[in-house]
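These notes open a run of structures that come right after.
Same chain, two partners: chain A is paired with chain B first, then with chain C.
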Partner chain A sequence: MEILEFKYKKVDVQEIIEVVEKYTKPSGLLCNFFIFKDQLFCEIKREDLKKFVEILNKKPELSFEYLKCITAVDYIDYLEMVYLFYSFKNQWSINVKVKLDALNPQVDSIYEIYRAADWYEREMAEMFGINIIGHPNLKPLLLSGDEGFYPLRKSFEIKWEEREYLPPKKFE
Partner chain B sequence: MLYEENEILIDDLPKDYMEVNFGPHHPSTHGVFRFIARVDGEKIVNIEPIIGYLHRGIEKIAENRTYIQFKPLVDRLDYTGALNNELCYCLTVEKLMDLEVPERAQAIRVICAELNRIAAHLIFFGSIGLETGAFTPLLFGFLDRENILRLLEMLAGGRLTFNYITIGGVRQDMPKGFYKKFNDFRKEFPTKLKRYEELISGNEIFINRLKNIGILKKEDLFNWGASGPTLRGSGVKFDIRKVEPYSGYEKYDFEIPVGKNGDVYDRYMVRMEEMRQSLRIVEQAVDSLPQGEFQAKIPKVLKPPEGEIYLRNEGTKGEIGFYLVSKGEKNPYRLKIRTPSFSHLNMLNFALSGTYIADAIVILGSFDTVMGSCDR
Partner chain C sequence: MGFLEGKFKKPNIITVCYDKLMNAARSRSLWYLTFGVACCAIEFMAAAASHYDFERYGMFFRASPRQVDMIIISGTITRKYAPVVKRIYEQMAEPKYVVAMGSCAISGGPFYDSYSVVQGVDKVIPVDVYVQGCPPRPEALYMGLLKLKDVINRETIVVK
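Entry: the complex of A and B
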């Protein structure tokens, strides 16, 4: 195998936006870009996710071939899935955000494009109750599956049981 | 006649594979990990990993604690490389708060993170020996790890879960006797490492056992989200310490070892070479340790501004990352922990399908997973 070498490269966030928009504008995808602490965030519609991710992965100029992780955040009014992608070739990072309905959260699976998404999607499904459409094996991963609640939702609170201290009874 | 009939029958039968259970309490699974392997003769058709035996809900606990209260729990993720986890968590909070860390603290952080990396790789050295049937490396590995733990004990006061790196610096300054103790260590460690390599790495039985098994291509590794020495074993010269330098790593001179074939032997050799490079970094950091403060001034109650951030660093097993969402309160709103072991075990079905049962343990061992960091 040949050796791929990567060295430190200064990344211009504006350049990423330019190249991504070059491919998304013709296909009519709406992306909302914003930058926070040198990180690029991109908000897209739930329906466009699979199309958008395919562009990120397949276009050789972008080649975001690495999925760092998938996470979700519960904002009570709505849920948000965050996909963190990385491109080895350009050393670019992009964080893709998708807003989901709080009552009926569902999103397309990207397992077909990124195999790394397999367990992350299963984890988000059991922790937040998000329905991942098209995932081949949507089973509980870390939990047993019969809890009846979604632990990482804000509606689930850790209850501290306060126990009264009773002095030991005298042995009579 | 009967023989012929049987032959036809076997061909007509639907292929029914035997299921072999493995774990959860098996010494070579590095914790409580279970998988069910469907085998066809001696070959594995596919496996079904089952995790979650060590799930403690650390991400939920983080939402109910302050930033400083949560920090000791970060050690419990990957307990072989605890300081690397702490470093990543503290850097994440510091970046969100725009906190400047004194140079002396940065250097001490690098020293302890790299010493911990050597300690973690020595455990790998011991366990890969066990998995191939050699008991000696385990004893040698743990003997040398003991020396490193004594050095870390001088710094931090702990041996496994340190709680040493704080937000804004480190908890205490480097003690006076450290330099002398470290000099003893740095004199003897390279010769010891050479001796181990003579004992194991050049051993013909060991090489034949590890070469050409568990070969992984880099395109597949990208797609499955592999990182760290697993990725470097397949010929990808990628190290977050070089590409996205943090905590002053850009000041130190070190090489990134890579493998050529992407088999188990390459992953092993990458880790062995990495120990030498880590020692080089520690030597440079100790020799050029700047004077000054070891802790920045931070408020008593930490309230990072609103925002979200993902920061990653090179852990002992691969990419550790923290995704932190803050709402300007004293507790994190959401904290997602990305751990290398989770991604590597996700890949396990792909890596093991089509290999022999006897190789399965070795391939699993070559990823060097820790279940505490996988299950969180």
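Entry: the complex of A and C
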């Protein structure tokens, strides 16, 4: 029996940037690329997110068909959504960042392109209070939904005190 | 067969204290619910399995809350999960007993200041015996269950 060795492909980050810009420039999308610890990051505008992600997924030359993770960060002045994509075909990774307004954070849902985004977006909605536009089923995932605070925001404080037990308003 | 031998060849009567008879029966056949919440459930399963063996005390697992006498809360109760625990408790038939196992079920434990954890299962349902530890050893759980036997043996039909 022949034993196949898996070899890691040397990924050229500049090549990814070239191929992505080949598709984004004609459609007029502004992408700000930067590299941090050998990882490629890409900052885009909130309005362009859905178009940009569709290019990443649908173009056969890129084929970022796997959504690794969605997470969010609170920088107090602004919020940020981070999307991590992977391409099995090219063994490429790309991290997409979107800046959101702190007072009224809202972003388009990418559920129609990646079905895996369903639970991630629900979690971000309840933990950070981000309004996901176009999500078909935006009910609470981990919390009961009537807390009145967003636990992963910097403004939330943990208090060492006894609390009364209040049953959740909605029990499914 | 001891002192009853040969005394029931024809119909006969035994007189016995009602409380003692019922309490002896109840404390020797505590059926429990197969209900594990968090990591204490691993210790609970170890206590129930063949090495320590619940069944030598007459404790037998049932999968439906309508058939059990005792429920062991073995882990953290979150705010979203508390209504489920309450509904399970309400489905159990009287008399029913609750054992709170581990720090989380007693007071919230290491998650006392968390936003989603209920600070002790006794805020939701009444508890008979608390077993401390994080998690308690099977021996500690046995100690708690023997305490529960004492609780049952103190019951009477005169005053509940």
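The rule is short, and it goes like this: the second predicted complex is superposed on the first by the 153 of 172 C-alpha atoms of A that agree within 3 Å, B and C clash if a C-alpha of one lies under 4 Å from a C-alpha of the other, contacts with A are read in each partner's own complex, and residues count from 1 in each chain.
The working rule: a residue touches a chain if its C-beta (ideal position, glycine included) is under 8 Å from a C-beta of that chain, and two chains touch if they have at least 3 such contacts.
Everything numeric in this text was worked out from a predicted model, so none of it was measured.
Quick one: is A:F6 in contact with chain B, with chain C, with both, or with neither? Answer first, second, both or neither.
The first partner, chain B, only.
Of chain B and chain C, which one touches more of chain A's residues?
B
In the superposed arrangement, which partner chain does A:N95 touch: chain B (first), chain C (second), both, or neither?
Touch partner of A:N95: chain B, not chain C.
Taking the superposition as given, does A:E162 touch the first partner, chain B, the second, chain C, both, or neither?
The answer is second: A:E162 touches chain C but not chain B.
Have a look at where A:F171 lands relative to chain B and chain C in the superposition and call it first, second, both or neither.
Touch status of A:F171: second partner only.
I'd like to know which partner A:I76 touches here: chain B for first, chain C for second, both or neither.
neither
Could you say whether A:L142 touches chain B, chain C, both of them, or neither, answering first, second, both or neither?
Touch partners of A:L142: chain B and chain C.
Who does A:P151 touch here: chain B (first), chain C (second), both, or neither?
In the superposed model, A:P151 contacts both chain B and chain C.
So, does A:Y66 touch the first partner chain B, the second partner chain C, both, or neither?
Touch partner of A:Y66: chain B, not chain C.
Touching chain B and also chain C: which chain A residues?
After superposing on chain A, chain A residues 142-144, 151, 156, 158 contact both chain B and chain C.
Which chain C residues qualify as touching chain A in the complex?
The contact residues of chain C facing chain A are 79-80, 82-83, 86, 112-116, 118-119, 123-124.
Could you list, by residue number, the parts of chain A that touch chain C in their complex?
Residue positions touching the partner: 142-144, 147, 149, 151, 156, 158-168, 171.
Would you pull the chain B residues touching chain A in the complex into a rising list?
51-52, 55, 57, 59-61, 64, 95-96, 217-219, 222-225, 234-238, 242-245, 250, 258, 260-262, 307-310, 312, 319, 321, 323, 325, 333-334, 336, 338, 342-343, 345-347, 350, 375-376
Would you mind writing out the residues of chain A in touch with chain B in their complex?
1-9, 36-37, 39, 65-69, 71, 73-74, 82, 84, 88, 91, 93, 95, 114-116, 118-119, 140-144, 151-152, 156, 158
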